[in-house]
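I've put the structures underneath this note.
Both complexes shown next keep chain A, but they swap its partner, so chain B is in the first and chain C is in the second.
What follows is the complex of A and B.
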């Protein structure tokens, strides 16, 4: 029995380490090679920053980066707003079909991106004639990012003491003032958390964006993909490093904002 | 929103809150069933009843947090049926305190004043006055999570009182506190109420709290108002079986009057026990459905009935055997099985009682004795 247990433990250890290696090694390699002098970006030949200089002087990259940032920025604001009021409505209001609506909001998350992407493309071009480019990309991003905000904020609302709202109303605040002074501030950590998760979602998205971007609106992920056809270049490594850094910063921000939020709301 | 323009001249006690035939239904249950009552200015009024009796719902109807299906609510003589909670001249202290966790004590108390657009300096002054009233000086800058349960309750009280409402509504404000603190806060509540003179409408399921705190009590059950009265009246002369047992009169005899002659009536319980006693002064004999006797009014004497000198004619004597003795510290609860019927009588013997009673043991034959006038007539 004991021996068996020890073997099982060892297998688990090996599996865990393998998982971590496959999870982290590629990213660490990308970051390391982005500073390497090797012109294929695939081995270490001494430290350099020249690929970063090259990246910054590359107009295509700068365009794609700006475009990605604008799209992610707009998506974050709009999707978080939609997510907040949707979650509020789903929690507070009672109406026919509420459960159905609540479940259907999950669809953009569980559907394969290929399906969502191609469906949106057909919808935009054949049915409502939305020009491909910024409008189509932003709408598509809002579609798959809002549900995330809804679920994060709904989760916070489960732990919300609704007597706070009643107390505010009772003390003379109108429903709007109540949201402004009590409900809003209480939901703020969750709203911030969803904003910080939506940003990388939107910034990183490839599949759906690829379908609806049309010609000439290349976002950063699409640019990276297009460059890969010419083989991996060190510039790709620098972009990869950029993605990893931005995403990690976002995650750290979420982590700390939630830690602060927990501290504040725990009584 | 001031109540000053509705002073009822000529009436000594102005009615400050009136509930007229209010009905509130939830799917499958009538939470409030045609309740009407008037609450006078400056009194502490309690809704008392077990959980689910509709007392909290009625309070929320008054606050405007629930809308009644029927009936009117009048605050200071004005019908407020259609006013939302933020326009009603009453304020609620919630059971969970509901202090805003992101605001300091001072900001919590000043919340309603900010909504009334009162100048900052004035808000500061009024908040300080209420902080002092509830003995929270020096804690103005703390956050709710840094306060104890009792302190949170004080802040919640100050937050409502600072608005000088016509009626202060208290929704089981002490239920979340432990026993010792609850007692302390009862005293505090009463002191604060006497100091500010605001009408308090309190909701509680704790009969002791209701008795010690209130000027008047309304006992409710299943959405129905059973009895209104002073703590004295409710405790000593409950009119229905439920009120009697809820107020701790555990000796309840259900039955009917079978005979009346020579100024006496004979009452027969369902278990066949017959008691003869004088016709009650105010009682309509045919309405009597039972009697209740508080356990502390019953005396026990050792021995059988024959061993006793016959007491005053008005005393009721019942022979029985001691079934069980529960020692409770300040008094003992003794359960006596009566000989003539399958009834257990509960008797409280305090420590200051005679030696004979202190020595009583299980299985001993005793006579329970109480004056007939201590039997309270039940009509429902």
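What follows is the complex of A and C.
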């Protein structure tokens, strides 16, 4: 009986490792090739750092990166703000059509990006004539990121202790002051979580941005896509390597800050 | 009696005040999202719905006469087939993600021990790294001149490179590669939330491990499976990048058709009708999921 269990565990372990290999092998490959001397970035020909040097001096990449950071930055601030007040409203208020509103907020999340992208493109160019570029991209990103923020924050609100807020109000604090001093600080972890999730969403979006960006507003994903058409390039390998590294560092930072927070609250 | 007369009066006044307060609160908290939904979601959808009934003129122009020809052309023939193929591919991807995702989720939840965090970390990192770059990385591995072929040829296992790209297999593999983490995580969460005493009870009552899994564990993790399926199925149906990178011109999906009509052909009426059909397909699927009790799973999945 025990032995059988052991074997089952071993088999599961092998399957799990194979799954991880499948998920990681391609990524490890481009990380390795980013240090390879091969000019197509597709095989190993000795160690070099020259692609990283080239990346640093690549104006197109720098422009695209700056643009992506600006767009993601604005989107995170606006979408998280809208998400916070919407979640608060949905949680606290009872009104007719609430269910309908919740379903409507889900729409931009569940619609395929090509539908959202093409509908917004037609809307911007044919109806309200918003210039394609920063304005159209930022609006589009806010449209698909805000609903996400709503549900992330709403999810955390359901686990809150709302007694503090009631106490503050009962003791005569104004609603504004209550929000600022009691509810807000309590909401902060949820707001941070939403911002942390939305930033990569906005930064990494390709499809919707591609539709509404027009000519000349190349974001980083659009730059990567345009390079892929010409086949593999070592520069993409370096960008990919940096992406994975930054993701890992970001996650480690979140993990350790949470661990520290837990320790603090438990002592 | 005068007292009775007063009470209903003050009640309606209190009610009115309540109503006004509610309206004010709604305006304060909910107006931004309502504006976003109405102006930037409903209105654009209405516009493409309108355009899908317009005639397409030469050079991407639109002739404003009412016609059903786009809808008929897009629904029938080759396009309809591509739609069905997309739905089929999405189901297949979903099934394969469960097939590959469940064992690893189960292993981590049951036997992960001290390394649990590391395992989860190894699954989350790929899912958060750039989607486009991950697809590019996979292409580097399995392309005609890719690493896999080079290694196999050098080992003498094959004499000619395997043609993996531009096949159904390649598209399916890329879809599973892209979306598998989003299936593993909800299943893992569901398994973690499982009450172990239920399993012990089943064992005490003489259930075999096999039976225990299919009669207890699997049904109790249905929520996780549903959440994962929503996260995987919905984006897969409208996928554009995967078919365009791994399917080339040979394997198209509904999403790539829409993108093709808008960005390459510039035929707005035809593109619009395809987009509307794609949206309608997903709304139908979403409706069915919510009806089967998936709303909570859907909101939780986020």
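The criterion applied here is as follows: the second predicted complex is superposed on the first by the 227 of 267 C-alpha atoms of A that agree within 3 Å, B and C clash if a C-alpha of one lies under 4 Å from a C-alpha of the other, contacts with A are read in each partner's own complex, and residues count from 1 in each chain.
Simple rule for what comes next: contacts are C-beta pairs under 8 Å (C-beta built on N, C-alpha and C of every residue); 3 or more make two chains touch, one makes a residue touch a chain.
Keep in mind that this is a model prediction, so the values were computed, not measured.
Colleague: Put chain B and chain C onto chain A via the superposition and say whether they clash or fit.
Modeller: Aligned on chain A, chain B and chain C fit with no clash.
Colleague: With both complexes overlaid on chain A, does A:173 touch chain B (first), chain C (second), both or neither?
Modeller: Touch partner of A:173: chain B, not chain C.
Colleague: Taking the superposition as given, does A:19 touch the first partner, chain B, the second, chain C, both, or neither?
Modeller: second
Colleague: Quick check for you: in the superposed arrangement, does A:200 touch first (chain B), second (chain C), both or neither?
Modeller: second
Colleague: I want to verify the contact counts: of chain B and chain C, which reaches more residues of chain A?
Modeller: Partner with more touched residues of chain A: C.
Colleague: Determine, under the contact definition given at the top, whether A:123 touches first (chain B), second (chain C), both, or neither.
Modeller: In the superposition, A:123 contacts chain C only.
Colleague: Where does A:189 make contact in the superposed view: on chain B (first), on chain C (second), on both, or on neither?
Modeller: A:189 sits against neither chain B nor chain C.
Colleague: Roughly what angle, nearest 10 degrees, sits at the C-alpha centre of chain A between those of chain B and chain C?
Modeller: After fitting both complexes on chain A, the angle is 90 degrees.
Colleague: In the overlaid three-chain picture, find the nearest pair of C-alpha atoms across chain B and chain C and give that distance in Å.
Modeller: 5 Å.
Colleague: Which chain A residues come up in both lists, the one for chain B and the one for chain C?
Modeller: Common interface on chain A, chain B vs chain C: nothing in common.
Colleague: Along chain C, where are the residues that touch chain A in the complex?
Modeller: 22, 25-26, 28-30, 32-34, 36-37, 40-45, 47-48, 51, 100-101, 103-104, 106-108, 110-111, 117, 119, 121-126, 128-134, 136-141, 145-147, 150, 177, 180-181, 184, 209, 234-235, 237-241, 245, 254-255, 258-259, 262-263, 268, 271-272, 275, 278-279, 282, 286, 290, 298-300, 302
Colleague: Considering the complex alone, what residue numbers of chain A touch chain B?
Modeller: 161, 163-164, 166-174, 177, 181-182, 185-186, 264-267
Colleague: Using the touch rule from the top, collect the residues of chain A that touch chain C in their complex.
Modeller: Listed in rising order, the residues of chain A that touch chain C are 4-5, 8-9, 12-13, 15-16, 19-20, 22-27, 29-30, 33, 41-43, 82, 85-86, 88-90, 92-93, 95, 101, 103-116, 118-123, 126-127, 139-140, 142-143, 146-148, 150-152, 154-155, 200, 204, 206-207, 210-211, 221, 224-225, 228, 232, 236, 239-240, 243-244, 247-248, 251, 255.
Colleague: Quick one: in the complex, what on chain B touches chain A?
Modeller: 63-65, 84-87, 91-92, 94, 96, 98-102, 111-112, 115-116, 143-145, 159-160, 163
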